[in-house]
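Below, chain A partners chain B and then partners chain C, in two separate complexes.
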Partner chain A sequence: MIRALRPAVLATLTVLVLLVLSPFALVAVNAVKSPDEYGTDGPLSLPNGLYLKGIADFWIRVDFGEKLVNSFVIAFAVAVLAVAVSVLNAYALGIGRVRGRSAFLVFFLLANLLPQEALVYPLYYMSKEVGLYNTRLAVVIVFTAIQSAFGTYLLTSVFTTFPREMLEAAAIDGAGKLRTLWRVVVPISRPSLSVLFTFFFIWTWNEFFLPLVFLISNDKQTVPVALGVLQGDRMMDATTTSASALLGILPAILFFLVFQRTLSRGVMSGAIK
Partner chain B sequence: MRSNRGYAAFLVPGALLSLVVIVVPLVMNVGISFTRWQGVGTPEWIGLDNYTRLLEDDNFWASFRNIIFLIVAMAVVPTLIGLVLAAVLFDYVAKAIGPRTASALRSGFYLPQVLPVAVTGIVWGWILNPSFGALNAILTNAHLDGLAKNWLGDPAYALYSVMVVMVWFQVGYPVVMFMSGLRRVDPELYEAAAIDGAGWWRRFTRIAVHHIKPEIYVVLVTTTIAALKIFGQIFVLTRGGPGNATLVPSYFAYQNFFEKAQAGYGSAIATVLALIIVVLSVVFLRIQARDEKRAET
Partner chain C sequence: MRLLDLPLNFRRRHAPAATANNTAPRRAPAGTANETGPHHAPAATANNTPPRRAPAGTANETASRTPAGSVAAQTAVPQRTRTATTSRAASRRARTATASNTAPRRARADKAGSRARAGAVAALAALSLVLAGCGADSDDGAGGGDGKTLRLWHYESATSAMGIAWTEAIKQFEASHPGVKVQFEPKGFEQIRQSANMILNSDEAPDLMEYNKGNASAGLLSKQGLLTDLTEEAGKRGWDKIGPSLQTTSKYDAEGIMGGGKWYGVPNYAEYVMVYYNKDLFAKHNVRVPTTLAEFEAAMDTFVKAGVTPLSVGGAEYPAQQILYELALAKANRSFVDNFQLYKGKVDFKGPELTYAATTFADWVKKGYIDKNSAGIKAEGMGVAFTQGKFPMVVSGSWWYGRFVSEAKFEWSTFLFPGNTLHPGSGGNIWVVPKNAKNASLAYDFIDITMKPEIQNLLGNSGGVPVLADPGAITDPKSKELIDNFDKVTSTDGLAFYPDWPAPGYYDVLVAGVQHLINGTKSPEAVLDEIAKPYDDNLASLGK
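Up next is the complex of A and B:
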């Protein structure tokens, strides 16, 4: 019976996957058509040739290179800082087991679950008061706090099972707590830290709500914000929209391919969405 | 024995950061929700007026009704589809055709998950566009013009269109989670059940689903909370419209904060949303802790 089913099951699954992937194909096909060609042949025909002017024009008009740099700088800074803060917190909570440990953990867990809407207005107001409104630094600070809340929670459970003998050996060698952290704990937990770093980078890259509120001038905006606010714009015809979508998709797919193994390690561990 | 003293100092930077970015703003937000304030000048204390106004506001109720639909689209439907897909991929494709095919298909289903939410909005906003979108062009080509609709602009279809987009976006996550959970199932259990004459469906519901309960739970919790927070796709696809057909609490709060300059009212909406999420999370965590305890004894 199983053999008879085989082609049917495989065919059904293939059709389903193609359906899921079809929006990507539609975007790719139409991003390389000229507006005239789209007008006559519609969205379903294969392109007559590679018309890259639509993408190039859009790139220049929104200064896409600048948006990539903004996104990269913000996501990278957040990933580095949030991993650092998570390590420090988790060192105190997971290895140091300081008093009030479980209260801190519950706090960090809830902080991560809170909707950003419940923080956004005071943050917006405060950033204006201290002159950080419309700066990338404000976004970096806010996301470092939000991401490290999650990182602290996750890393504390990793550090709780850290081999005690290694810490004691370091202490006997006369290493202080800071030195033990840097020379023993960090190198050994590097795999967990790289999973965290990857997720922080991609999550921050994908963020939309807070960067939308904080980065109002064009030259500060990230890729998702710059693309998102253009929707509904008069200049956005079918081919330009596909071109903009393609430019938004490509970095995400690149990260997916580069980080695939780290990502699946994280998702599989069940702790990370 | 190493002393535990002296570790608290390592908590100082993180605690300060959380205080400034999370605790203080959260408390301020609750405070602002008891005032009438336009974001400038002195807030005027009005007690619970914003909350009583919420209860009479059709938009508020519409936003929560829509969220229930989106929980179905983002949590319930992807979990059900994900269960079937994961079981077929793991149990059938990987064994009968090969693990490489199974993992290639899995990556295909997962791909939408890697996109920034705003970009998924751009892709679908174009596909569903009534005048130059791909979907209506496909229908016209197939001589099904009658089925072509203003997918996002017609209040009768807008919410359902957004729901389909969200199923597309979410389905890969449960597939990946469930496939990894299924690896824990002892193959001998399956063989024993097969010998006892249990069919595929029976083995799937009795053995597989039972074993990956923890994964199902995690997926339902995280996707439900994600649905409650949804903002990016709504902002790009519909801005809550037409009317309030696709309005959600986060966008409703955003409108009041930044478009209508009603900071007090926006804060009240955000406070209610935060309360719902925190209460739900605490309930979920309690249930999980109880189940773990039961599993240990």
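Up next is the complex of A and C:
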């Protein structure tokens, strides 16, 4: 019975995979098509040859290398800082059992639930007041707060199940609070932390709205913001837009492939005792 | 500190057991901050995303006068003065804190961090220093009012008519202003649309930028006091020589409503809606260029009989509503336009103009002039279908011109919507000088150069519609035709703006209404009721 079902399942999965991949395929196909060809054959035709000028033009026009550096610096800094902040918060809330910790957690969760549009004006004023408007540092601070709110929420639930015996053993060995954190809690929860790191990095990398508002000068902009440059008032350049979309998703895919092992390890960790 | 090695080696052995039972870090399900924001979805950008033309009221722009918009409006005005000093001081501080070489610091810090808990703190501190380094150059971009830099932003692509003309203008500006550097940054339309009021309210404002015309954009900023009043310069430098309907979108009243008395912007190009036609298909089906509405319908009948749908229409975006508006204008005069667009009098949605428009539009769908499937087509799809030669005609704006020139591989030409003296169209987006511009006089000089015949002629010869060109100097035959038609329109004061301008969010109302007409899901009367309500609500909120 099960054997008989196998081809059907396989076929369904193939169709689903194709559905998921089709937008990417469309982007890839149009990225290497010349505008002429796009105009005469439309978006669905296969390109006659490799036309890489669209990609090259886009790269030069927005100085894509610079955008990559900006995105990387911001995403990496946020990932590191947000993980650090999350660990400290979660240590207090999950292991330290601070009074009123569920209230704290709800508060942290709020930061995640609020739409960014609602945050924009207050953040804008604060950053302007302290002279950080139009700086990457402002974006890093904002996202560190937003991401670590989620990180705190998640890690706290991880830490509440942390074996008490181990903490007691550390205490008996004479470790203080900080040393317990650094030498016991962090090493043991490293898989969770690296998953958080990866997700923070990718999430921050893909952020569009706040960087769009906060990073005004072109030399400070991130990759997703740079992609928006091509969208004109009423005209779009379909082939160059595709080229830029392709360039825009490649880094995130690369990063994911590099950290894929970490991810699957982190997700599985603790699944079997 | 005491760094004696305590028996902590158990950490390796026990490592896997501890961490969390489950929870693969998944984003909290309901509307987390990150997911609700307008994320940039690469896949989506490939095929659609509306090139939105509407100056009035796209969802995010909520116009000045609605309650929702006025929150933003009020919060955006105050405290323009204080920030300049504080932010510069702060960034100076940040810079001194950074020290010159941040990289070695970070490397060192990383090593230290893994050694001990104190190291961790050090690593964090070092990282934040690195980041301060990122932030420190915040005022590099500002020219600082030294009269040596003109910071210029616009969002036209480099290959468009405006892009070509303005690149030349930059060259001429630098030649005529020795020692002055133009610091040009190509911007995204979306960024300017989303955050113009925030940028202009800070000391990051450029000296000159292209901005969207209309009540909800330039009008709103002028009302908030973020734009420089250009009335005096316009008179002195002769920018007010452009036609009266072009001036409408440059001048705003105290409420930020266009058609007012003060110049806040200067249009450098214009746009209007016309009919593009495929000459090859016209010849093949033996159809001649129509000059009256009756001839136009007869021509479309010929195509329908031959099994060809005559009009390529994008029902999901602006094109369909512009056809509806063309039909209303066929029966309208200037006072209808003034009433509808500038609120000078009452608009009767059941009056002859709009009734004719809606019934005729429905009729055109019934007769097969407009495909029943076009309700879901976007503007981009409409244009590409025309360049593929699938349709003999498309009714749309001059913004397609350059694109058709380069992409259509057949003979094509244009004519004005037959029989109309009024046509959708207006001055293009405008140059504005922010109130916080540090080099406003350079900005005026630059605007002046773009208004010079040379630059205007270049704009015209590159496929744009100039506002002050010398018709004799337009040598490109295709461009000449485009500009001659435009002159025909302006000579009778025939620019009627766009149907979605009068109320915030009206664009979507019209898209929905026209889609009902295309799908046949509502009668023309019901559609007129549907589009009348938001219009009247807006008037009521304006107190008119």
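We adopt the following convention: the second predicted complex is superposed on the first by the 221 of 273 C-alpha atoms of A that agree within 3 Å, B and C clash if a C-alpha of one lies under 4 Å from a C-alpha of the other, contacts with A are read in each partner's own complex, and residues count from 1 in each chain.
Quick note on the criterion: a contact is a pair of C-beta atoms (placed from the backbone, for glycine too) under 8 Å apart; a residue touches a chain by one contact, two chains touch by 3 or more.
Because the structure is a prediction, the values reported are computed rather than measured.
Student: Identify the partner contact of A:Arg261: answer first if only chain B is touched, second if only chain C is, both if each is, neither if none is.
Tutor: A:Arg261 contacts neither chain B nor chain C.
Student: Applying the touch criterion given at the start, work out whether A:Ile216 contacts chain B, chain C, both or neither, answering first, second, both or neither.
Tutor: second
Student: I'd like to know which partner A:Leu196 touches here: chain B for first, chain C for second, both or neither.
Tutor: Second partner only, chain C.
Student: Counting only touches as set out at the top, which of chain B and chain C does A:Glu117 meet: first, second, both, neither?
Tutor: both
Student: Check the residue A:Asn206 against both partner chains and state whether it touches chain B (first), chain C (second), both, or neither.
Tutor: Both: A:Asn206 reaches chain B and chain C.
Student: Touching A:Thr161, do we find chain B (first), chain C (second), both, or neither?
Tutor: Only chain C; A:Thr161 stays clear of chain B.
Student: Could you look at A:Gly248 and tell me whether it touches chain B, chain C, both or neither (first, second, both, neither)?
Tutor: both
Student: Shared contact residues on chain A for chain B and chain C?
Tutor: 23-24, 26-27, 30, 38, 42-43, 109, 111, 113-117, 119-121, 124-125, 146, 181, 206-209, 212-213, 224-225, 227-228, 231, 237-238, 241-242, 244-245, 248-249, 267, 270, 273
Student: Using the touch definition up top, name the residues of chain C that touch chain A in the complex.
Tutor: Per the stated touch rule, the residues are 6-8, 10-12, 14-25, 27-28, 30-34, 36-40, 42-47, 49, 51-53, 72, 75, 83, 86-91, 94, 116-117, 120, 124, 127-128, 130-132, 134-136, 138, 140-141, 155-158, 160, 185-191, 194-195, 198-199, 202, 204, 212, 318, 379-380, 384-385, 387-389, 397, 399-400, 403, 406-409, 429.
Student: So in the complex, which bits of chain B are touching chain A?
Tutor: These residues of chain B touch chain A: 2, 4, 6-11, 13-15, 17-18, 20-22, 24-26, 28-29, 32, 39, 85, 88-89, 92-93, 96-97, 101, 105, 107-109, 111-112, 114-119, 121-127, 129, 132-134, 137-138, 141, 168, 171-173, 176-177, 180-181, 214-215, 218, 222, 225-226, 228-229, 231-232, 235-236, 249-250, 253-254, 257-258, 263, 266-267, 269-271, 273-274, 277-278, 281, 285.
Student: Going by the contact rule at the top, pick out the chain A residues touching chain C in the complex.
Tutor: Residues in contact with chain C: 23-24, 26-27, 30, 35-36, 38-43, 61-62, 73-74, 77, 80-81, 84, 109, 111-117, 119-121, 124-125, 128-138, 140, 146, 150, 153-154, 157-158, 161-163, 166, 169-170, 173-175, 178-179, 181-184, 187-192, 195-196, 199, 203, 206-210, 212-213, 216-219, 224-225, 227-238, 241-242, 244-246, 248-249, 266-267, 269-271, 273.
Student: Hey, which residues of chain A end up touching chain B in the complex?
Tutor: Those residues of chain A that touch chain B are 2, 5-6, 9-10, 13-14, 16-17, 20-21, 23-24, 26-27, 30, 38, 42-44, 85-86, 88-89, 91-93, 95-99, 104, 107-111, 113-126, 141-142, 144-146, 148-149, 152, 164, 167-168, 171, 177, 181, 202, 205-209, 212-213, 223-225, 227-228, 231, 237-238, 241-242, 244-245, 248-249, 252-253, 255-256, 260, 264, 267-268, 270, 273.
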